[in-house]
Amino acid sequence: MRTTVQELCELLGGTLAGDGSVTIDDVASPETATSAHLVYTASAAQYRRLESRPGAVILDHETHQACPQTDADAPRILVGDPQATFIQAMLHFRPPAPRQQIGISPHAFVDPSATIGEDCNVHPGAHIGPDVVMGNGCDIHPGVVISAGCHIGENVTIHPNAVLYAGVRVGNRVIIHATAVVGADGFGYRLEQGRFAKIPHTGTVILEDDVEIGAGTTVDRAMIGATVIGEGTKLDNQVMIAHNCRLGKHNAYASQVGFAGSVTTGDYVRCAGQVGVADHAHIGTGSTLGAKAGIRGTVPDGETYHGVPAGPEREQIKLHLTLRKVPEMRSQLGQLVKQMQQLQEQIDALTGCRNDSAAA
Amino acid sequence: MRTTVQELCELLGGTLAGDGSVTIDDVASPETATSAHLVYTASAAQYRRLESRPGAVILDHETHQACPQTDADAPRILVGDPQATFIQAMLHFRPPAPRQQIGISPHAFVDPSATIGEDCNVHPGAHIGPDVVMGNGCDIHPGVVISAGCHIGENVTIHPNAVLYAGVRVGNRVIIHATAVVGADGFGYRLEQGRFAKIPHTGTVILEDDVEIGAGTTVDRAMIGATVIGEGTKLDNQVMIAHNCRLGKHNAYASQVGFAGSVTTGDYVRCAGQVGVADHAHIGTGSTLGAKAGIRGTVPDGETYHGVPAGPEREQIKLHLTLRKVPEMRSQLGQLVKQMQQLQEQIDALTGCRNDSAAA
Amino acid sequence: MRTTVQELCELLGGTLAGDGSVTIDDVASPETATSAHLVYTASAAQYRRLESRPGAVILDHETHQACPQTDADAPRILVGDPQATFIQAMLHFRPPAPRQQIGISPHAFVDPSATIGEDCNVHPGAHIGPDVVMGNGCDIHPGVVISAGCHIGENVTIHPNAVLYAGVRVGNRVIIHATAVVGADGFGYRLEQGRFAKIPHTGTVILEDDVEIGAGTTVDRAMIGATVIGEGTKLDNQVMIAHNCRLGKHNAYASQVGFAGSVTTGDYVRCAGQVGVADHAHIGTGSTLGAKAGIRGTVPDGETYHGVPAGPEREQIKLHLTLRKVPEMRSQLGQLVKQMQQLQEQIDALTGCRNDSAAA
């Protein structure tokens, strides 16, 4: 797919700066690019850090002006949104493989009572249980287990060895990655005469449209109603969402985040990695939880919280900076105690003196 | 399954307060109940927070007295233990599906040398290796892999795609959730001439009776003896128990808890989410580890530990509250330094004065 | 496999101290050994803590001298490296099962376009996709899914239900444990008009020679190039390595460690459990990250970092010890404030006195 920079420029709707006859045959990262590669930089700072010698660079007009082009520099494709344009270029050089059309494999197990929509691929070794209903255009990869009575929307992709327990409801265009588990029992017991008795979990999980669930992520079913992952919400790998949580729309959580039971969130909530949220907490719309934060209670809309226990970013930064001063504060304190003694001695001397003169 | 409140009351062994002719057709959570739903509240405080308008409420006699019933209030079913009674009602409205009787599926792979008890279901795509011995009444779901020589007790349930490595021993009534892995090699290497040499792990894992293992949880095999999960102990999802740990009975750990090697625990230990325990630590009977705690050494019986590194709850709370005062302490310190200078100046003035008068 | 201590001594190349006629039939851990068991202790301290009564003990010459042998003591096998010798003994009493020779099971699914080397075992229920190329001597266990176009080296072991997404490259002698997932999409989105648009990930994952990947661990594919796990690097269970990370050689990470995107490491890096590393961080060669550490930026070569946010060990220890003094500092501060007032009063008295006398 060798393409000249000139041709790329036209394809991508950019403005050429430099030699358009250079030929490019792939995209690359700024670290590893060689002279046949196209890269992008998102800012002038990033452009200046560029160590490799790519064949061409996508950048925005601002960077172009901030970093005047010399003869030694690669030709440039100037655009408004370098990342978006780069993704376009990536799909030009690496067109996605056409979707396979294998239909329902004879090596898959599909219960006779299941209803499979049109244009679905059910790969060898996949398992579709009784009374499952699946919309059109789904890809069910090898080793996937969809248990009895699940409802699957249209154009859903479920990657290998993922598991849906019975009765889970999955919206349209949902992507579930390998070994994710949706709908296992919530973790609830009653201690009866010294033994744990399991609390039955007769609720379910609802994944709304356009949800993406990462590899190894687990979403437990509710006790009565539904654990809900709101429309467009994306969970990275190894995330845990416990029973009865109700996540809003367009949330995005990095890996190894854990939510205890009955947590609710607004829309556009972001969590960095390894955040933990205690049961019944509420995370407001547009708020952000910093890496490893430990949350309890309520995070107001639009706030950024850090720390364990977490608090507003500004407070936490101040607290952290101050805590670093504690060793210094300690030696200051020691000095004050000494000075105080000296002052006391001086005063005692003065007082003694006065008394002397008074006595005199 | 429409049932009048009067009928429910009899069924559940409660005392009716209000109109027994109201008909109910399901249980619901307090947040989402409508007029055909039964809910429960565990306390007067919870009753007062009730926002929905359910058809009937299960509560205890104390709540009934603390919250006098008016005409606007739903009929009440008064009982001693509202949660237990509610679970009974849930099973009335949502009777569990009868256990499937599929026997050993021709689409499962069962090694000829394996011994399967009576009344077992081995679902399509399950794999039973050589010399496995399985008791009566087990449910082995699709994609489960039970490797060579495992011993499985009676009435064990193993959910889809869970994996048992060779030689693992599982007690009676154990439940293993989807994609859990029991018996992988412990993480042990010797650095020999700059390369890691794997330490062979010839031990095993023992899951005692009534253990429950969450989805995605991993329990590694011991180097020589056995990693043991004690009777009745429950592990939530994505928990990690490393080689040679020996957990006591009736422990309960929330999700994403990690135990390093050779940790021992007493009975009735509880861990909140994301706790980490260092190798060779001991957690005493009846103790509780707070969310995200980092444990090293010994936690005495009956203690509650918090923090990283963790300490007794009372100390940790005091420490945390005091740390929050550090910014205030810092400005106090600054002020003291200033005052000290002023005092010194005043004293110097006095001393100078005295010297003057002495000189005079 | 009953063996006298004399015979063992010869087999293991050690020096006998005590009765060589004692017979041993297995190895055991120091906690559970009985009179027919062989144990080892790595130090005199460990030897003194020995509570069980084993039939024989492997120890080094130093321990032998530090703990003089009495008639009551078990016979000893003196060697230079007790752990290494003990592993040899363990393999004598518990020889590893001979590698199975099942070939390509008719119950496995192998795409006709895949190339499988000689002497490979592909177990029932394993799935080998189109265009996969696999070297000689590999063991592919039940339920493993190797997607289209993966390249697998020689003598690779992949445990049950592990998943390789398309195009992943695996070196020689790599071990991948059960339910691990290699090559899922990196977690990257662009927020476009209020909705997350998925950034295509056309890169791959490279596992170099002698890598070991723990159960439930996930390694995501790069956006363009490759996420790389360097030669000889070992990842424990439930570790997460995000897109575009490049790990050096002979790293070892304990369980539940999480690396965000584009992290790089040198060689011989060690991470204790539950460490989190922020995106684009660099961890220098030979450095160690303490349990639960939260890393950002650069960790220099050979350093040990602890804490959140993490810093050099010495600083962190000092900081932690000082923070524990804060309650004490606070009461000291309160006392200083009081003393200061008293001093002021005394000075005021003196000043008043002086003024009086001046006025006089």
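We call the chains A, B and C, going by the order they appear; numbering starts again at 1 in every chain.
Following the convention adopted for this analysis, contacts are C-beta pairs under 8 Å (C-beta built on N, C-alpha and C of every residue); 3 or more make two chains touch, one makes a residue touch a chain.
Please read all numbers here as calculations on a predicted model, not as lab measurements.
Participant: Using the touch definition from the top, list the chains contacting both chain B and chain C.
Facilitator: A chain counts here if it touches both chain B and chain C, which gives A.
Participant: Mind checking chain A against chain B and telling me if their interface is mostly the same residue numbers on each side, over half, or mostly different?
Facilitator: Here the answer is different, because the shared fraction of interface numbers falls below one half.
Participant: Which integer distance in Å separates the CA centroid of chain A from that of chain B?
Facilitator: Spacing between the chain centres: roughly 24 Å.
Participant: Would you give the residues of chain B that are in contact with at least 2 other chains, written as numbers and ranges?
Facilitator: Residue numbers touching two or more other chains: 125, 143, 161, 179, 216, 238, 256, 274, 308, 323, 326, 329, 333, 336, 340, 343, 347, 350.
Participant: Where on chain A is chain C touching in the complex?
Facilitator: 27-29, 31-32, 83-84, 87, 90-91, 94, 96-97, 107, 123-125, 141-143, 159-161, 177-179, 210, 212, 214-216, 232, 234, 236-238, 250, 252, 254-256, 272-274, 291-292, 308, 320, 323-324, 326-327, 329-330, 333, 336-337, 340, 343-344, 347, 350-351, 354
Participant: What residues on chain A touch chain B, complex-wise?
Facilitator: It comes out as residues 109, 125, 127, 143, 145, 147-148, 161, 163, 165-166, 179, 181, 184-185, 187, 189-190, 194-196, 198-200, 202, 216, 218, 220, 222-225, 238, 240, 242, 244, 256, 258, 260, 274, 276, 278, 294, 308-309, 318-319, 322-323, 325-326, 329, 332-333, 336, 339-340, 343, 346-347, 350, 353-354.
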